[in-house]
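The structures come next, written out as structure tokens.
The following pair of complexes shares a single chain, chain A, combined with chain B in the former and chain C in the latter.
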Partner chain A sequence: MTNIQRQNYPYWFLFPAFAVFGLLFLLPTGTGLYYSLTDWNINTTAIHFVGLKNFRDLFADKKLTAALAHTLVYAFSVTILRNAIGLGLALMLNTKMRLRGFFRTVFFLPYVISPIIIGYLFTAIYHPAHGLLNEGLKLVGLRFMAVDWLNDPKFALLSTILVDVWRTSGFTMVIYLAGLQLIPTELFESAALDGARYPQTFRYIMFPLIAPSLTVNLTLSLIGTMKVFVMILVLTNGGPGYTTEVINTYVMTAFSLGLYGQGTAANLLLTALIILIGAPVLVLLRKREVAL
Partner chain B sequence: MKRKFSRTLIAVLAMAILLPLSMGAQTKGVTLTMVVQNTTNTAAYEAIFAAFKAKTGNSVEIQALPAGEEYGRLMQTRFATKDYPDLFEMDPGTKQYIKFRADETLYDWTNDPIIGRIAASTVDFQTLDAKIYGIPWGSTGSYGVYYNKAVFKALGKTVPNNWADFVAIAKAAKAAGYIPLYEAVKTGWPLQVFSLAGWTTFVDPAIGDAGVRKLEKNELRLNAIPAFADVLKRQYDLMKAGYTQDNVLSGTYEEQQELFGQGKIAMVTEIPAFMSAIEQKFGKQFVVDNIGWFPLPSDKDKGIAMLSPAGQILVPRLTKNYKVAVDLVRFMTEKANVDTLYKVLPGIPVYSEATSSLYPAQADVLAFVKAGKAKINIQNRLSSSFIDYPKILQALFIDGNVTAALNQLDENYRKTGQARALPGF
Partner chain C sequence: MKTSRVSHALLFVACAFLGFIVLTPFAMILVNSLKNSRESALFGLNLPKEFVWKNYAFVLSKPAVIRSFLNTILIGVFTVVCTNIFAAMAAYVIQRRPGKLTKTAYYVFLLGLIIPVSIIPTIRLMMNLGIHNTYQGIILYYIAVNLPFSIFLFTGFMSSVPREMDEAAMLEGCGRLRLFFSIILPLISTVFVTSTIVVSIAVWDDFIGPFYLISDYKKWTIVLNIYSFVSQYETNWGVVFAFLMLVMSPILILYFTLQRYIISGVTAGSVKG
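And then the complex of A and B:
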């Protein structure tokens, strides 16, 4: 075997994976880019190149601007809340407490259930007249707080956010728990000998050492929540009106209206948004890991 | 021992393979799939399909999809992906031919003997460029105000003679603890009924047939019709005045039916299928005794009825079983079977030899038709569509911005016309 052959050797192993990646991701993305520049719709017999018209139409559409804002609010709110709660739960369940295993299972359980089922469940829980939430609020004398959670424009987006936080906090908890359990116990022991209290132990030992968990959780959360679809579809279908419309429900509407070119363009916008936000966050968090 | 075991194993395997094959060979006929809207009362279909199976050995499975605008979208998507059902229900009118590219995809019924047995006006309505691709199915009905006669009696009210009367009824109903007008806002599609029913009373007299022709050619903008803005404002004002149910934005079609049947609602703006939905829940006698109908009244008179023509059945001709589907439609339209249809769903029939009785509410509609005070649903007179109408109206209920709603509606109407490559768009 020559030197060059030896150098090229690993690439032969990479080829099958790259071929699959190319066929199933790069090719559809490339064709998607092409179709976003065409007038392709359900009624056309021939597809014509229209340049950036679909993108101009999208930016002129106030519904898309609203959908974009809702997507960002949803993504950042869910990411922050589920990480805060997930970390809190992980810290709590990393201590020696009774029924620790049971609670870990209980908190993780919602993540195992299909989002569709959770959506339907919360449609009933949030029902303004007969829902469990409002009935409970009335029972404890908080009748004034019993609002129409999913149909009042003021509360609809918040209500969907809270459901997703409830559903996914258990998953972030598991990742943080894994990070916490990798920390050598000697560090805690020497910190204790030095007289460190819990906040100091958390600030100077735990938090820096679970940095990889934080990177994974934040990145996955941001990317996943920007692609939110099922939860919104089941709980509010983007309504009432357009008050909980997110980019993916906007894309679905465009496709269901048969506006395939415009739908593809909106989808590409979402991809670009995810890269624009996700990539810097990932880079920053990685740098932070190294610095810590 | 080993040999015996092997022989037994081979025999079991052979049976496992041959048994299903032989059972398959015994099954006669094909199974067709018919797609309907989930608001459809399928009792007539079930009876007719059972008779079809008894006669031909072919079965028909009914597949119900979400009703309203979404139904049309789902069917168009299925066509775009070549996922054709064997036959399907669709809203009436030739607009559907354009949507489904009938000349390429649908069976042509123009010269079929069925056509000779259909009322001439219906044949006319279903003809585009001398072609008929849809077989009418059902009866002529009306969008409008369906009211609970018992509630009206308790209020001491009769059918309104003008808009002021209508508002007075709503006021009296509210004062007496009834829900004056239930709006199924969350469900979405029922929200359109008010303005579509209001079109014939308020908009048609203002723009005339000439105005509708201009709309068809995109020479008139929807947001340039003050009478249309007025209809939307009236709907919003009723809600703002508190004449709809509490938690108006969470209103659903199911709850509307339930509360109407329980006698808690005075009026609803609904489609004809509302009666069969109520019949399924509260029985035929309830519909006969308690449901009346009137059009949205104008400021001066009782208003003009909005007619919804019978729906239609379309048969894609690109499926392997399309000939069986065509036979099924011919079978469905035989006198005995259309009689079955009208027995289950009474209404003004479209088949000349059919026997049908009418619900009292349908007799109310017929009185307007006979008096020449009726017009066909504007949606069925235009080739483009009022796309995303339910959501636009939900937004109107939230912000009260009639101008924004009309602008959005107008934009969608023109966009759809362009997408369908209609002349003038």
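And then the complex of A and C:
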């Protein structure tokens, strides 16, 4: 067999993929580790090693610590909300409802649209004077809630979070729905025979058995939302002040100021954050999964 | 599970309401894309007083817009073709030849799904290689960032093609390249569809790549063009919405015709079973 394997499954088949991925993903990631320890900027002719100076500067910068905090708040809020809503939608569509295929298509729709388009769309919807949100609030008598969503420091971050929840809940829904549909119907039948009501069925049958979907949704969501960039750029550009600044907008600013070493260091902080949060979450959740 | 008729009706109403929340913003873009600058600034859901079709004509009359559409298609086609072929080849060996090397390679590729792109060093690397601000540069970048997901997808599906198939073909004297290209690949054509859809949408919707890697506006993709267009015409929402409609419509048409493939593709591999 090994002989056959060597003949028919040559290692060089890995080469094209590895060459491109290695050159344009792994290599910059590796050199980034070094650049983050240098004084590389737009004015330098030669790059010098400066140890951890960039990181010291970063942590001394209030804007960066704020960006770190916002990234975490954003990631956890979006993750929790989109999972709660996605699971709710999946449970609703897992019944024998009319038009469920149509609803599934509609709920997933925003996910295929470019975030930049969604961003501009919600710039209009959040418009303080004429936007649909405030018009709607006035219509139902909640005029006092009609604030300037994107320009009021108290609400700006929340507003960006809600847009992402609107955009991606359908994605989590589809994954939960697939998980729910893998549960054999006999389990529901025997539960019904034993007199289990819906909450019990959910607690003891559905929830444990959709644990793999939960794992996927929570990890994908945390990893993805910590990388948020375009949505913030378009909706608030980090403002007002720096109340919606996140790591990726900070990296962009550092880049446009020509602070390349420092920007790379900030990017590295994001990588570290994703690994530090993503890995334990994944390990923790996998332990709880029930095999069917 | 027994669910009474009343609760069924309530669920339906809830879904209809949520569907309304999802669709209303799209309706708003559509009607306002046909209004003049003063009316569209009110963002109302009413039909336009007069239909201003010239918003669309205006956007399409910009040579930069047409050019960026063509750029996106050019970049997208090369990216999709190369990503699919490279991913299929890699996945084939990873799945068919289990061992330390292939397993390590697989996990290294999967790192690309987790770790964020190190964009500033990428720019420097591209400048050193002389491919910054070029089509081939951004195509290579897109292949690199899209490969991990495609390899993941292909590796999963490759196991559905029985090994006996390879052996039978070999006994018939089939060469290894012919085995791969004319026997294995046709058998996994559904993954090609899935991967093509996912990668096309990723390229069509992406902002970060051209934002950092392309400085010459003649090579911009459509999404980057939106960014500069909006800053230029932000006083006239009618034309901005018309532009957004034009960029969304290919994706919308694709989505409504192929939604089964798209939903299963985008979420592929996320679900065990």
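By definition in this document, the second predicted complex is superposed on the first by the 263 of 292 C-alpha atoms of A that agree within 3 Å, B and C clash if a C-alpha of one lies under 4 Å from a C-alpha of the other, contacts with A are read in each partner's own complex, and residues count from 1 in each chain.
We adopt the following convention: contacts are C-beta pairs under 8 Å (C-beta built on N, C-alpha and C of every residue); 3 or more make two chains touch, one makes a residue touch a chain.
Computed from a predicted structure; not experimentally measured.
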{"item": "Superposed partners chain B and chain C on chain A - clash or fit", "value": "fit"}
{"item": "Chain B versus chain C as contact partner of A:140, first or second or both or neither", "value": "neither"}
{"item": "Which of chain B and chain C A:115 touches, first, second, both or neither", "value": "second"}
{"item": "Contacts of A:267 with chain B and chain C, given as first, second, both or neither", "value": "second"}
{"item": "Residue contacts with chain A in the superposition, chain B compared against chain C", "value": "C"}
{"item": "Which superposed partner A:242 touches (first chain B, second chain C, both, neither)", "value": "first"}
{"item": "First (chain B), second (chain C), both or neither touched by A:151", "value": "first"}
{"item": "Contacts of A:258 with chain B and chain C, given as first, second, both or neither", "value": "first"}
{"item": "Which of chain B and chain C A:128 touches, first, second, both or neither", "value": "first"}
{"item": "First, second, both or neither for A:46, with chain B first and chain C second", "value": "neither"}
{"item": "Minimum C-alpha spacing, chains overlaid - chain B and chain C, in Å", "value": "5"}
{"item": "Overlapping contact positions on chain A, where the chain C interface meets the chain B interface", "value": "127, 255"}
{"item": "Complex interface listing, chain C residues touching chain A", "value": "1-3, 8, 11-12, 14-15, 18-19, 21-26, 28-29, 32, 41-45, 82, 85-87, 89-90, 92-94, 96-97, 101-102, 105, 108-109, 112-122, 124-125, 140-141, 143-145, 147-148, 151, 166-167, 170, 176, 179-180, 201, 204-208, 212, 223, 226-227, 230, 237, 240, 244, 247-248, 251, 255-256, 259, 262-263, 266-267, 270-273"}
{"item": "Complex contact set, residues of chain B against chain A", "value": "70, 73-74, 76-77, 79-80, 98-99, 101, 185-186, 188, 247, 249-250, 387-388, 391-392, 394-399, 415-416, 419-421"}
{"item": "Chain C partner contacts - residues on chain A that touch it in the complex", "value": "4-5, 7-11, 13-14, 16-18, 20-21, 23-29, 31-32, 35, 89, 92-93, 95, 97-100, 102-117, 120-122, 124-125, 127, 130-132, 135, 166, 170-171, 174-175, 178-179, 182, 188, 192, 198, 201, 212-213, 216-217, 220, 223, 227, 229-230, 234, 248, 251, 255, 260, 263-264, 267-268, 270-271, 274-275, 278"}
{"item": "In the complex with chain B, residue positions of chain A that touch it", "value": "41-45, 127-129, 148, 150-153, 238-243, 253, 255-259"}
